[in-house]
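Structures for review follow.
Look for subunit A in each of the two complexes below; its partner is subunit B in the first and subunit C in the second.
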Partner chain A sequence: MTRLFDRMANAPWLFLAPALAVYAVFAIWPMIDVTLVSFQRWNGIDPTRDFVGLANYTYIFTQDPVFWTAFRNTLIWTALSLVFPPLAGLLLALALNQPLFGRATLRAVFYLPVIIAPIAVATMWRWMYDPFFGLFAQLLTNLGIGIPDFLGDPDLALYSVFIAYFWQQVGFSMVLFLAGLQSVDASLVEASQIDGAGRWNRFKHVTLPAITPTMTIVLVLSLIQSLKAFDIVYGLTGGGPSQSTQMLALWAFSQSMQVFDFGRGGAISVVLLVITVGVVIPYLRWSQRREEQLK
Partner chain B sequence: MKQMIAATRRDPVLMGLWLSLLVFALIWFAPFVFIVFTSLKSSPEIMTSGAFTPPGALVTQNYATAWNRGGFDHAFFNSVFVTVIKVPLGLMIAALSAYALARMKNRWNKLVLLFIVFGTMIPFQVMLAPLFTLVNSLGLVDTYLGLILPYLAFGIPYQIFILHSFFKSVPKELSEAALIDGASHFTTFRRIFLPITLPVMAALLILDFVATWNEFAMALVILQDADKWTLPLGLMSFQGQFSNEYGQLNAAIVMTVLPAVLVYLIFQRYFVSGLTSGAVKG
Partner chain C sequence: MSSVTIKNLQKSYGAVDVIHGIDVDIAPGEFVILVGPSGCGKSTMLRMVAGLEDISGGTISIGDRVVNDLAPKDRDIAMVFQNYALYPQMTVAQNMGFALEMAGHSKADIARQVARSAEILGLEPLLDRKPANLSGGQRQRVAMGRAIVREPQVFLFDEPLSNLDAKLRVQMRAEIKALHARLGTTILYVTHDQVEAMTMADKIVVLNAGKVEQIGSPLDLYDHPANKFVAGFLGSPAMNFFDATITQNTAQLADGQRVPLGARAGEVAEGQQLTLGLRPETLTLDPAGPLQGRVKLIEPTGSETFIALDIAGQDATVVLKDRLEAAAGDMLRFDVTQGRIHLFAAQSGLAL
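Now for the complex of A and B:
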């Protein structure tokens, strides 16, 4: 009995088993299953799932009126997410890396939105965008400007949602950049100061090269985060008005869970998965190579 | 601190920088002020007073009413229950795996690690429907277990990734002495590795607490019965039903958000280390 216990206490697979099992069943299997169902017709209830080949894909690519809208919105959303939060995060990090009075408090303020539930951010901003008593309605009325219908105007809604997302995400990029800035060699900064380099040159030749790896990390994480945007859109607009804020993740969800067409929903999910994996694999290879270089 | 003030005063560029940062920080903080103020005002006051006018008489009744109407007692309990079980359990099994991958002989280690790290990047938002199908086929819809298992699956990869790199950096002498003395790997893990990992564990614990507390999309598909809803679902449904009760709605927002904010304010320094130890130094 003791010997059996000893053997168990030294068996690597036993250490790995609980985590691997739950990970394989609840994270990997759904990914395989969504790929399978994307080639089938299924309403979520029937015991049988009929194989229909590429029918779901031809449908979403050629007949689904919303798919390309969602695709376009996802592209715009991703592009915005790759530019604004990282850029603002970098500027904030550079500023808050200076010896400023109260910088710990300032950092905390910018990071605070990150830890709030995205669905609560959506609820907060919906109230702030309220056309009658919301924050923006009041401020704009005081300034004597007409109140645009932030969430009701199809031309505006996507950007209104993005502003809420931006408010939440900036702190995340900022913290990563702040950590990256700690790897800037202080003696190099000093040397360049003594040599009379200005702020801009110091940034360009000392700081920037040192934080290039951080930049890659921030951009990849921002990209993945933006493809995942679900809660905030669901809570603020639910994809409306007239699909103007519809995105791939949300559209896949509504096709499956609200229209009960799991096949088409699956096909949309697979499109999004392929895009994500297309970014993740090169990134993982890059970070592995970098780690080996560091050794 | 004094040096910082002096440095700021001496340099006009820093002074300008500081002032503009202050303005931005105020803008970033303003929504919180607006929400808290609204949550303490009566409906007529909300419609007549300015957004940043402090509430006259504090209408704390908003909180009690929102709590009862929104079924927040259930939602609060469900959120606490799921979080209290899931977070420590997930961290334990992640630590066990990370130890095996870092310190035990197994020729598959590299492949297993790659397989798991892949999971840190896969968005579950893409797979909500198949997750529902799976949980449903196991008969676990509307159960705590049905929610906890997927939460574990999507939380573990990042934790294994971080803990693995930490365990790798522990000096070999420390564990080998114990192993030579005849201790098993399990004892070495429990007596030597766990104690020195506590700071990293604390960081991961807090990050995971906030992530679990805030999770919405998976709960949305797995919990159909209102009695089983967690706080984010409760808030969403409250917004749907009582969107014109501004005071109560904002009280509901404050109640949902407050636990995470408190945890953040108390454990601030762990947050940053937990978030960055993997991503940047890794």
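Now for the complex of A and C:
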């Protein structure tokens, strides 16, 4: 009897074990390993790794000519990612929450880019951005406007890449907001109509408070997603021209996989990890507290 | 306060008609209750008056204005919702002042009007709280406060007491009635609870399947129901119905028992088939009475005793003021209070 009880008590752990094992091998261990590597010098092949203390960090902060460019680009990228895809996603969700003809189809259409592999998105957009054969070049030529070199101009490239990223990400925010909008209390909407609230005030006083938890989720996920931006940049520009689209995640990859300096790559990854955790956890705490105050 | 005039009101969802041409006149200051079973169209009708549902046909006028095409906010109404619909992020005071804020009143004006309404409903200690920190009864009161702050022409109540427990419901019933007496504003109130309708209304509109069954004062409907539906819907426990045949100035039930019709005998013909309606409280214990039934269940409530009976093969209920020593299976005899006999046509159910 006691043994049966013990077995029952252990059952949840038993069910969790496979997932935990996978998580430990593919998430926890790499995190530990990358931290260890960041304190070492290693080319990825040698059987020995030399402990070098903080040398890799000192190097990337003080001598690496690209690190701060990548850092600045990542900041710009993140700021854009926190504003435009969530905002457009919210507007789309509000529109597609109305009883429109073909609503389900439109929802699917706007969500579709999310399920395309980023590298495929990059290929599509590189073709559209092509200065000779691309869609935009054709359109602008037909309009008689000069053709900017979307991906070749260092002042434009980052924003051109971001537009492709925006196109891919917007459906993701939209779906989350659509789910959130289902929690808006219909009688509150009606009460606000009777109280004389117009569209804007109804949005401000009824819809927005109801979707605040969704907003938190969207912003946190957008933040995490944007900080680790890699494949779409890699596929469109590879970080160029002249490092103008270089990002931290991409630079970490280049240092490790192209320059074979795993120590510096690791150090950049750890910096990225610290930034992500350092922003996300305080934000989650703050929004949780605010939601509790509302209850 | 304003009158409300509803003429030939119709509502259909596609091919499905849910309200079939309803006419109701509400005098200024009148307390009118729409009552009926679930799905009878009473809430839909209220929402059409509020402007929350489109009108498929007919007109609704508030005062002299036809409001069919006016937005809810332009109809000069206030509504109390079943789930109160308070804005969760606002304090009680902000909830109450919201409509005034939307209408562009000054801060000082809003504060003054909110304070006045809070005083009427005893809400002063709650003004800084959020709805989540209020009990059901308090939320109900805030919802009413929000309605009265605006000094509308008409109050609309959509089953406002159905989320409250029984005791609080009785208390709020009295409060709403007192509020109506104090403010004198026209009220249109929807409920499925016939006790609420009976105790609060100046006038009851009984709805069934999208049609008006009867309109009148509570006691008028209770004493003179126009048909079997109204007779059965108003009153708790409900009226007892028996299939009967007129035989020698009596209503003869299926098992041969005869109920003397007294003064009403002249209104019916010998051999006529009809439905006899007897309210539970009009049957009194009498060993020499004409009606006999077998006890199925005794339910003492303390103040009254409900007896579930089988009379002439039909279920019946009797309410006695006194306690009763009897057990299931006992046979009891009852007298029928003369003048309280209801007769309905067997086919149409219309009162005779």
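Here is the rule we go by: the second predicted complex is superposed on the first by the 263 of 295 C-alpha atoms of A that agree within 3 Å, B and C clash if a C-alpha of one lies under 4 Å from a C-alpha of the other, contacts with A are read in each partner's own complex, and residues count from 1 in each chain.
To be clear about the criterion, a contact is a pair of C-beta atoms (placed from the backbone, for glycine too) under 8 Å apart; a residue touches a chain by one contact, two chains touch by 3 or more.
All figures in this text were calculated on a predicted structure; none of them were measured in a lab.
Visitor: Is this a clash or a fit when subunit B and subunit C both end up on subunit A?
Guide: In the superposition, subunit B and subunit C stay clear of each other.
Visitor: Does the superposition put A:Pro209 against subunit B (first), subunit C (second), both, or neither?
Guide: second
Visitor: Have a look at where A:Ile115 lands relative to subunit B and subunit C in the superposition and call it first, second, both or neither.
Guide: first
Visitor: In the overlaid three-chain picture, which partner chain does A:Asp185 touch, first (subunit B) or second (subunit C), both, or neither?
Guide: Only subunit C; A:Asp185 stays clear of subunit B.
Visitor: Could you let me know whether more residues of subunit A are touched by subunit B or by subunit C?
Guide: B
Visitor: For A:Leu143, select first, second, both or neither according to whether it touches subunit B, subunit C, the two together, or no partner.
Guide: A:Leu143 contacts neither subunit B nor subunit C.
Visitor: Between subunit B and subunit C, what opening angle does the Cα centre of subunit A see in the overlaid model, nearest 10 degrees?
Guide: 80
Visitor: With both complexes overlaid on chain A, does A:Ile194 touch subunit B (first), subunit C (second), both or neither?
Guide: Touch partner of A:Ile194: subunit C, not subunit B.
Visitor: Regarding the shared-chain residue A:Glu291, is it in contact with subunit B (first), subunit C (second), both, or neither?
Guide: Touch partner of A:Glu291: subunit B, not subunit C.
Visitor: Once you lay one complex on the other using chain A, what is the shortest C-alpha distance from subunit B to subunit C, in Å?
Guide: Distance of closest C-alpha approach: 8 Å.
Visitor: Considering only the contact definition stated at the top, list the common interface residues of subunit A for subunit B and subunit C.
Guide: Touching subunit B in the first complex and subunit C in the second, no residue of subunit A appears in both lists.
Visitor: Which positions of subunit A touch subunit C when the two form their complex?
Guide: 185, 187-188, 190-198, 201, 205-206, 209, 294-295
Visitor: Provide the residue numbers of subunit C that touch subunit A in the complex, in ascending order.
Guide: Those residues of subunit C that touch subunit A are 50-52, 71-73, 77-79, 81-83, 85, 87-90, 98-99, 102-103, 130, 132, 146.
Visitor: Going by the contact rule set out above, which residues of subunit B touch subunit A in the complex?
Guide: For this pair, the touching residues of subunit B are 1, 3-5, 7-8, 13-14, 17-18, 21-22, 24-25, 28-32, 34-35, 38, 46-47, 50-51, 93-94, 96-97, 99-101, 104-106, 109, 112, 114, 116-119, 121-134, 149-150, 152-154, 156-157, 160, 184-187, 189, 210, 213-217, 220-221, 231-232, 235-236, 239, 243, 246, 249-250, 252-253, 256-257, 260-261, 263-265, 268, 271-272, 275-276, 279-282.
Visitor: For the complex, which residues does subunit A have touching subunit B?
Guide: For this pair, the touching residues of subunit A are 6, 8-10, 12-13, 15-16, 18-20, 22-23, 25-31, 33-34, 37, 44, 92, 95-96, 98-101, 103, 106, 108-113, 115-120, 123-128, 130, 133, 135, 138-139, 167, 170, 172, 175-176, 178-180, 183, 199, 213-214, 217, 221, 224, 227-231, 234-235, 249, 252-253, 256-257, 262, 265-266, 269, 272-273, 276, 280, 283-284, 287, 291.
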